[in-house]
Amino acid sequence: MLSLWLNVLASGILLGLVYGLVALGLTIIFGVMRVVNFAHGEMVVFGVYIGYWTVRLWNVPIIVAAAIAAVVMFAFGYLLEALIVKRFVNRPHHYQFIVFIGLSLLFSGTLLVAFGPDPRPTASQLSFQTVSLGLVTLDLARVQAAATAGLLIALLGAYLKFSPFGRSLRAAADNRLGGLIVGLNIPRIYAVTFGIGAACAGVAGALISPLFDAQPYLAVDFTLLAFVTVIVGGLGSFGGALLGGLVIGVAEAIAALMFTPSMKTALPYALLIIILVFRPRGFFGAKEI
Amino acid sequence: MTTLLEVENLSRSFGGLVAVKDVSFSLRAGRITALIGPNGAGKTTCFNLVAGALKPTSGRVLFEGRQIDNSPPETVCRMGIARTFQIVRPMREMSVLENAMIGAFSWTRNVSEARSKAYESLESVGLAAKAHARTDQLTLPDRKMLETAKALSTRPKLLLLDEVMAGLRPTEAAGIVGVLQKLAEGGLTILLVEHVMRIVMEVASRVVVLHHGAKIAEGPPGEVVADPKVLESYLGAGFHV
Amino acid sequence: MQKKFDRGVERTRWLAGITVFAVLGLVGLLANPYVISLMTIVLLFTFLGQSWNLMLGIGGQLSIGHALFVGLGAYSVGVLYVRYGISPWVGLLTGMILAGSVGASIAWLSFRFEVRGIYFALLTIAAAEFARIMFSGWEFVGAMQGLFFPAPSGGIEISMLRGDARFYYFVALALAALGIIGTEFISRSYLGYVWRAMRDDESAARALGVRTFQHKILVISLSAAMAAAGGGVLALVQGSIFPDSIMGMGLSVDVLIGPVVGGLGTTFGPLVGSLAAIPLNHLMSALGDSLRIPGLNNITYGVVLISVVWFLPDGIWPAIVRLCKAIQAPPTAWLWHSRKVEE
């Protein structure tokens, strides 16, 4: 019994780290640009497909697939911001929301055209291998995904905290006008921010590609999951995204054990509603909206 | 002479910063009173405390004998205190007339009644001819007057004006002074926040001077400008009387 | 002089409105079954779009989970009729009260803590998703397998709101007309002024005595009740209810496309937008099916949404009005209203 619970907890934490990475992408974009990326789930699914195809075509380790996803999705996010999103950054929320709905439809439509609606079972051998640590037995794919995600979160945190660019990024997040006045290159910061956000989503997608069947319809679920995660932690907060990811990961794992599958998917939303009722800005939420 | 508004030992701090410190004064009905002081003296904070936009850390505000400092702005407005904003905030997608109608809905639900009240308010500030314009077609002095007209439509007993003359040319300001004097003659009580003393001298019958959040002088304008403490605070802050 | 001018405008507007609905009535009498069923959906989404438009375009509150209210209306009608044989009229009323109360509760919960803007929008979507998942697992309402209305007997039964496709077309037409007249009516009443003031600047509105907390709850519950009525009829038209299609994210998006494309905050925007977008979507779906390109309609919708917000941020309808004014064709120009009642 104990070992069952430990297993559930551990796998929840592992997946939670990946959720944390997804949420981090969303929260960085929101924190700096005050824009909610409604097409975030599509970016995760892009990552899943990148993971699926690179592993399938070249049989590379999943870490390499994640690196490819990072590069591709960073470029994608950067260009998307520079070409489209930047025109809407200063518009009211509902305009931005509609633009992102449009982008999300466009991306999911493209995925459907490119890969068809049917799920593609994972191409990786990883999903069948396990590692044992005392009472806990975990599948290797999860451990690798979580370790990579955790490492990336730490690296990104350090980059934002210590590098000059990271500092100017945080300065722009604090005060856009002030940033403009002291001569920050706001358009470039925004494009890079969006690139980083998209890369987080893409890497997370590639990392979980051995765990989930690649399928365009996953996108909505990931978008909503990312929303729930960041709101639980607090929109715009780095630590909040990580904490939110872990909370949701563990909650889902426990719910899967105790309730029916539909209750498992409902639980994050129930959690979200409860949190909004009692702590409307999440655990570490920004004051200003 | 009746007292309309009483401010008793009002204080407000933000974090560690004390913006308003133990300020007391009272407003008499039918008079124009000015709240003056150099930039950062706590005028706007004091003003927002009276208007219900901020809650005091300590002290009380009484309007017609009733305590109002814990009431939200809409309640304060419905009791008879209307305010303007220092940074003009017209409702952008509504016409000048529609802007002036909103306040009237605090006492009526009848649209045509609200419309005629709005015309009346616009008339009294000299904006009636521009009733059907869009607000972004208005000049700055006109926008300031629209703010006043919006407030007047709520049928206030007390009108709070936050720097309605800031940023205006002297001739424009003179026009506004005329409007205010006419409103006061009609029985309206006005509290004016200004930092340009010259205008205040002309229009106010009583002046309250704030400096670093505390009241340093109160009285008729002639006496107040002669007060050495007032001179020192203004000159010290680099302002000219 | 102003009064006389207004009355002239008024008459033209009424005339134009009546003409539009007379044409739509003729469509119902003369068109073939395909057009009838397509137009029924257009009119229903005009009404649903109008409910969303009331909330954002006039009240200033963004909902991205309107499917919740649509679904509550659909299930109220469905469960009462299919399980207990109770008339859909009762179901519609129940649904409206239920959705109105749910809307009011969400609004109350969030505005109590001054949760607004994007947080409020995310709360609406969370509530909708939560409800969708709960209904998907709830056997009593048919769960994932759905709830089916018995096939219509053939005749028209007004008391049970049952009839053929043409009957439902006219029900949808009546609903759309009611939505437009109702919005116009509200827009001109004191509520319209107060809500638009609240939309443009909430704290300035409060300073003018507007009790924004109450008004936000009111506009949201009214919008929710309208959405529920539309949802109830939609369920009857489709003959079945599935949680994923009636309460899913996709429906929330479908609801807002009409008003966004047509013109946010305008009275005729949702109709114009639905007329433009829904047939296009159907066409693209059909084209996608025949060419075996499954995502074609999504791509089209996506491109349309982005282009509208990019090039015509006010929507199609205000653009048509501007064009008419520019070429001096007043009759249609006066149709545009709602935003600037006094002009």
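For clarity, chains are labelled A, B and C in written order, and residue numbers in each chain start from 1.
Keep in mind that, in the parts below, a residue touches a chain if its C-beta (ideal position, glycine included) is under 8 Å from a C-beta of that chain, and two chains touch if they have at least 3 such contacts.
These numbers come from a predicted model, not from an experiment.
Peer 1: Which category does the touching pattern between chains fall into here: line, ring, star, complete, or other?
Peer 2: Contact map by chain: line.
Peer 1: If you tally the C-beta contacts for B-C and for A-C, which one comes out higher?
Peer 2: Spelling it out, more C-beta pairs touch across A-C than across the other pair.
Peer 1: Go ahead and note the Å separation of the Cα centroids belonging to chain A and chain B.
Peer 2: Each chain reduced to its C-alpha mean, chain A and chain B end up 50 Å apart.
Peer 1: For chain B and chain C, let me know how many angstrom lie between their CA-based centres, rounded off.
Peer 2: About 43 Å separates the centre of chain B from that of chain C.
Peer 1: What is the distance, in whole Å, between the centres of chain A and chain C, each centre taken as the mean of its C-alpha atoms?
Peer 2: 33
Peer 1: Would you tell me which residues of chain A are touching chain C in their complex?
Peer 2: The touching residues are 36, 84, 87-88, 91, 93-95, 97-99, 101-113, 116-117, 216, 220, 224, 227-228, 231, 235, 260, 262-263, 265-266, 269-270, 272-273, 276-277, 280-281, 289.
Peer 1: Per the contact definition, I'd like the list of chain B residues that touch chain C in the complex.
Peer 2: 51, 53, 72-74, 77-78, 82-83, 85, 89, 91-95, 97-99, 101-103, 105-111, 114, 131-132, 134, 150-151, 153-154
Peer 1: Please give the residue numbers of chain C that touch chain A in the complex, ascending.
Peer 2: Against chain A, chain C makes touches at 56, 62, 64, 109-110, 113-119, 121-123, 125-127, 129-130, 133-134, 136-137, 249, 253, 256, 260, 264, 293-306, 309-310, 313.
Peer 1: Please name which positions on chain C make contact with chain B in the complex.
Peer 2: These residues of chain C touch chain B: 188-190, 193-194, 196-197, 199-201, 203-212, 265, 339-343.
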